[in-house]
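I have placed the structure first, in the form of structure tokens, so that the comments after it can refer back to it.
Chains here go by letter, A, B, C, D and E, matching the order in which they are written, and residues are numbered from 1 within each.
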Amino acid sequence: MTDWLGPEEWRAVALSLRVSFWATLASLPFGIFIAYALARWSFPGKQILNGLVHLPLILPPVVTGYLLLLLLGTRGPIGGILADWGIVFAFRWTGAAVAAAVMAFPLMVRAIRLSIEAVDPKLEQASATLGASPGWVFLTVTLPMALPGIVAGTILAFAKAMGEFGATITFVSNIPGQTRTIPSAIYAFLQVPGGEGSAMKLVIVSIVVAMGALFLSEVIGRRVAARVGGA
Amino acid sequence: EEVVVFAAASMANALAEIEGSFEAATGHDLVVSLAGSSALARQIQQGAPADIFISASTDWTDRIEGDGLIEDGSRFDLLGNSIVLIAFGDADPTEIGPGFDLARLLGDGRLAMAMVDSVPAGVYGKAALESLGIWDAVEPQVAQADNVRAALAFVATGEAPYGIVYATDAAAEDSVSIVGTFPADTHPVVVYPVVDLANRDTPAEAEFLDYLRGPEARAAFERQGFTVLVD
Amino acid sequence: MLDVSLRHDFGGFSLDAHFRAPAGVTVLFGRSGSGKTTIVNAVAGLLMPDAGRIAANDWVLLDTDAGIRLRPHRRRLGYIFQEGRLFPHLTVRQNLAYGAWFAPKDAAREDMGKVVELLGIGHLLDRRPGALSGGEKSRVAIGRALLSAPRLILADEPLAALDEARKAEILPYFERLRDEVSVPILYVSHSASEVARLATTVVALDAGRVVAQGPAAEILGDPAVLPTGAREAGAVLTARVARHHDDGLSELDAGGIPLFLPRLAQVPGSTLRIRIAAHDVILSRTRPEGLSALNILPGTIRDIRPGEGPGAIVALDTDAGRVLARITRRSATALGLEAGARVYAIIKTVSVAASDIGSGSTG
Amino acid sequence: MLDVSLRHDFGGFSLDAHFRAPAGVTVLFGRSGSGKTTIVNAVAGLLMPDAGRIAANDWVLLDTDAGIRLRPHRRRLGYIFQEGRLFPHLTVRQNLAYGAWFAPKDAAREDMGKVVELLGIGHLLDRRPGALSGGEKSRVAIGRALLSAPRLILADEPLAALDEARKAEILPYFERLRDEVSVPILYVSHSASEVARLATTVVALDAGRVVAQGPAAEILGDPAVLPTGAREAGAVLTARVARHHDDGLSELDAGGIPLFLPRLAQVPGSTLRIRIAAHDVILSRTRPEGLSALNILPGTIRDIRPGEGPGAIVALDTDAGRVLARITRRSATALGLEAGARVYAIIKTVSVAASDIGSGSTG
Amino acid sequence: MTDWLGPEEWRAVALSLRVSFWATLASLPFGIFIAYALARWSFPGKQILNGLVHLPLILPPVVTGYLLLLLLGTRGPIGGILADWGIVFAFRWTGAAVAAAVMAFPLMVRAIRLSIEAVDPKLEQASATLGASPGWVFLTVTLPMALPGIVAGTILAFAKAMGEFGATITFVSNIPGQTRTIPSAIYAFLQVPGGEGSAMKLVIVSIVVAMGALFLSEVIGRRVAARVGGA
């Protein structure tokens, strides 16, 4: 540790950023889709879908991680099939991203759903009368009008992904460079005498990163709101 | 070549030292994943790509062994530890033996321990108190943490006046003092078993297992307060 | 041809409206809450009526019996909403262009620049709707609908928020759509002069029922069916522009009778519709002399219908067509008016407001 | 007394308006986008102008120089918004009652039942605004403002979405507020007849500037300052109800000259304001005989102002007051009209619409 | 364990309900206040407040728990003062509620904030012109119009509180009847080989509870939306 942070720690920071970024990005389309479905459609099993989405919030993260391990592990029912196609999550950074995405998903969906619900259906109707098919109505009216919530949901998910620990370490362990994210590294430091100092440094790094993201989202949100401001 | 070690989180410091010297000495790449023994064991059950497993308790190793996941005959007990009663601030060292009136000492304060039915340090502590015949008296006042370090933190912040932790943890914390060590015969021996997992076999694994028994490793472990059980 | 037959129940309000209107502008006329917007919404596909059938020129938009329910975006409408409904996140320009994105590439299309100029919204193009005044929003909403290359225009009180001068500028545009582009238009209005100018057919509504329907001249001439009362009664004459005079007057020929009106834009030879409000017509037993009124139409009284209050509607046949006069019963008695009597209808040139003159149509 | 002086810049639109109006109804008149709503918003406290002063009866609402900026809820206004702004989560009844919660308990208060009946919204009380038609929303918005026991009423085109019949029902109510309750009213309108009936003072706006202000009679009589053009010019006469006749006519006395109008509600002896639109007046050199028009006012031409297009506005002094007539220049020449000439103004009884008759006021 | 769940487990369930209920209820006013401030005011330090609110999301729960212990422990700067007034969180169920509330707070605030931002300021203006002071505007317009988001935020917070583990156990440990919530109990079961079965039962209980809450919130949300539906 010649530097303020050692190379091990920098690796954890870089990994956390990568994991959170991809977790957020990859789950965004699903998040928007499910939020829209929950906000605007009614279909059988809607309550079950809603419950499933919220499950990671309700369960202790260890349980979520354990379930992920059982399902997506190389010997799991889904993980096994995926493994045949060459997609492996277990003990890879991609698995960490999956864990983070699953844990952050309820937050993302809620925020987006609230924003979609706030879009006046009368504007969507107006769009339809002008010839926009449901898909275009969504793309040109619903989506841009719900943008503040989408930004909020994305940043919330990113922050949650940055802080995710329990499910990640249970699902993909704590392997440096692969699955040792900032929270896992902090955990390791806190498990031994004298590790608090190093842990604190990582805490500060994650605060800085997350605050940056948060600040960015506020700026974007304000700009979006100013554009939409007042009908 | 790469050697993947799944190790109980309490070994972080020692393994960090060993990692450096081992890699320098052999040119192999040591990858250490630190987490709770239970999480690691479950991951191994689900096919984690680990070569070596160092658990903080025997029961998870037993379970892995029962599942046939270890190299026959590779298991050995590497480290030992002792458990101690600590107090917030300065305290008079006391001999802990039959008739030790811990309840009076506690008053209406709390006794911080790791989870007494599940986390090894807690299990050992509970066994010791039981064999001393004082468990029933103090049980209502036990505050269980999810790991030893968290138990230590309760005492270190003065939240709980007393706690039971490993000697290794107690030594490194300035704001607590050791009241006494529980006699070794009051609880099962505290051991850290090492096993070679039966997924793949490389020369590097053997080299590492040898290294763990070697003098450099011994020195590192002892610096952290462990008793090294191999010779 | 617009064929509408609807039944819908809101609980507290039930609509049961049936009408069939020829090509051109069909005006829905009726008091607040009579069901006008409900009908328009059903035509637009935004409201699924309990039962009904809607067809425009044999193009079936809805037929609940046959299970046809065209989705709104397949109906190719230009709907000018009563409340504007501009897209707040788009600029005025983007709002205007919105419909064109979805129109078939080969659709007959209005020119953006022309519409913008007509509506006087050129200086607003880069603003968002949040920064527009009430009337500006209405105008952008009109533009948005017109520019979507619609096959059917639905206009729900499009001019209500506009001043007279602006109305007078925009009305001719709807006339052009009716006459040149021949887009069918379903138009909601409270204003008799808008109705008279635009309407090919008037459908008068009351409490969700059609109480009268027919050509504009007929409905507007019958105070009994006019939901807004006798005040709006009037005749609609058809005339040909004869020549324009230097003093700012245009001379028209209505069945051989010269009519003088304030200078019109139409070229000589073109045909016009002129609404003569019944309350603007004075009757005289003798040809009057020394009057400032320029238009004097001799005619024969066809009938006298007592109107509301102290008034009566006198219908007289002139060479220019049927003319209505609303006079007091006292005058009718004093002048000894009765069916068959010869009288002169006196109409001031300036009484005929620009908004009452529409370019010719089938009405 | 309403004293308004405002400067505000929107970037693209700048407002620089100053006017001082006596008690009664001050009507803001002007084309779309001329700044009417902006002024009303500033009076309401919803827009903080760059600089300005607003006072009603010496009660200073805003004075940027003195640093006085009363918050909106301290201004005790009844603001009828151009876009309604009903509370969607409250029923109509709750919307109506909303303002009363916050009014001082001893404030003069309109009766809910009466207002509800006047506005014809009794059957809507338990609905939410989402289930109302456009005109129903307007009416609820009017009711909400009136029932808040306001010290100042701001009405931004309150009647635009309503049909003529409904307008005719609601207008007298504003008159009553003006005359009996004497709440100052700032009223935005495009309609000359609304202006003529209600306005104590008219403030004509164009592009954010006050282009004319004064008593209604004066402004409406001057087509040059009327933003909506000569079509709206007219005179306002004051008359006293003499008696009601059995045939549905009311006889009025305007400076000794009898005027016959359709039956009025006012009791004999009460004073009225009547707007006589200039385009409804016919002039004759000789006293006409055998005409259906009942009202003939002899007078002397004061001046002849050329109007727009082929028209001219003839102002003549009669015993009833100043009367305006809009006739063609051709007629003026043909009749040899010139200042000082004696002529007869002919006004049809039914030409004077109910909406043009207002109950008496200071105007 | 004569019954399906033993008395210990039922205690954990009852405690979790109590903790989550109070955590949610007590933080609701603060959540609404801060959401409103973030949505509608601009003040110096707004970004810092926003960051602070999100902190528990970003930090590993253990760190949050540890910080709570430092701040709110009986010897902590805030906890010390509170202790003088007789308010003690340490090792009490109230402390568990505090931990759950803190962890759930960002979710609650986000949801409420989004809903408040979606309330048309023109309606608030209309309310003000009718004589409502800012407080009344808030109570009679903003709050009822934002109700869907408040319900969503509350239920989200409740669900999160039901699942909260890391911060709770670090802050107030795991004392049966006091601080042993469902997640703590599940964690304890998962630490020992073969504990999965018992853990699963508790997982099912928490799923049932949370789904019930979720379902309730959907029903309320739909009713509220139907009332407000369409301006």
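Everything below uses one rule, namely that a residue touches a chain if its C-beta (ideal position, glycine included) is under 8 Å from a C-beta of that chain, and two chains touch if they have at least 3 such contacts.
Here the structure is a predicted model, which means the values were calculated and not measured.
K.L.:
Which chains are in contact with both subunit C and subunit E?
P.N.:
Touching subunit C and subunit E alike, sorted by label: A, D.
K.L.:
Looking at every pair of chains, which has the largest contact count?
P.N.:
So the chains sharing the most C-beta contacts are C-D.
K.L.:
For subunit B and subunit C, what's the span in angstrom between their mean Cα positions?
P.N.:
90
K.L.:
Nearest whole angstrom, what separates the Cα centre of subunit B from the Cα centre of subunit E?
P.N.:
35
K.L.:
Using CA atom averages as chain centres, what separation in Å is found between subunit A and subunit E?
P.N.:
The computed centroid separation for subunit A versus subunit E comes out at 20 Å.
K.L.:
Report, in whole Å, the distance between the mean C-alpha point of subunit C and the mean C-alpha point of subunit D.
P.N.:
Using C-alpha averages as centres, the distance is 26 Å.
K.L.:
Enumerate the residues of subunit E that touch no fewer than two other chains.
P.N.:
Correct list: 62, 66, 122, 166, 187, 190, 230-231.
K.L.:
Going by the touch rule set out above, which residues of subunit D reach two or more other chains?
P.N.:
In subunit D, the residues touching two or more other chains are 83, 131.
K.L.:
Going through subunit B residue by residue, note those that touch at least 2 other chains and give them in order.
P.N.:
If we look for residues of subunit B contacting two or more partner chains, we find none.
K.L.:
Give every touching pair of chains, nothing left out.
P.N.:
A-B, A-C, A-E, B-E, C-D, D-E
K.L.:
Applying the document's contact rule, which stretches of subunit B touch subunit A when the two form their complex?
P.N.:
So the residues of subunit B in touch with subunit A come to 4, 6, 9-13, 31-35, 39-40, 42-43, 46-49, 147, 149, 168-169, 171-173, 224.
K.L.:
Along subunit D, where are the residues that touch subunit C in the complex?
P.N.:
Those in contact with subunit C are residues 10, 12, 30-33, 36-38, 82-83, 123, 127, 131, 133-136, 138-139, 156-157, 160-166, 190, 192, 227-229, 231-232, 245, 247-249, 260, 262-263, 279-280, 282-286, 288-294, 309-311, 325-332, 335, 337, 346, 348-351, 353-354.
K.L.:
In the complex of these two chains, what residues of subunit C are touching subunit A?
P.N.:
Subunit C residues touching subunit A: 44-46, 71-73, 75-79, 81, 83, 85-89, 98-99, 101-103, 128-131, 144-145, 148, 154.
K.L.:
Would you tell me which residues of subunit A are touching subunit E in their complex?
P.N.:
Listed in rising order, the residues of subunit A that touch subunit E are 47, 50-51, 54-55, 57-63, 66, 106-107, 110-111, 113-115, 117-118, 120-122, 148-149, 152, 156, 159-160, 162-163, 165-166, 182-183, 186-187, 190, 199, 203, 206-207, 210-211, 214-215, 218, 225, 230-231.
K.L.:
If you look only at subunit E, which of its residues touch subunit D in the complex?
P.N.:
Contacts found on subunit E: 122-123, 125-134, 136-137, 140-141, 144-145, 147, 227-231.
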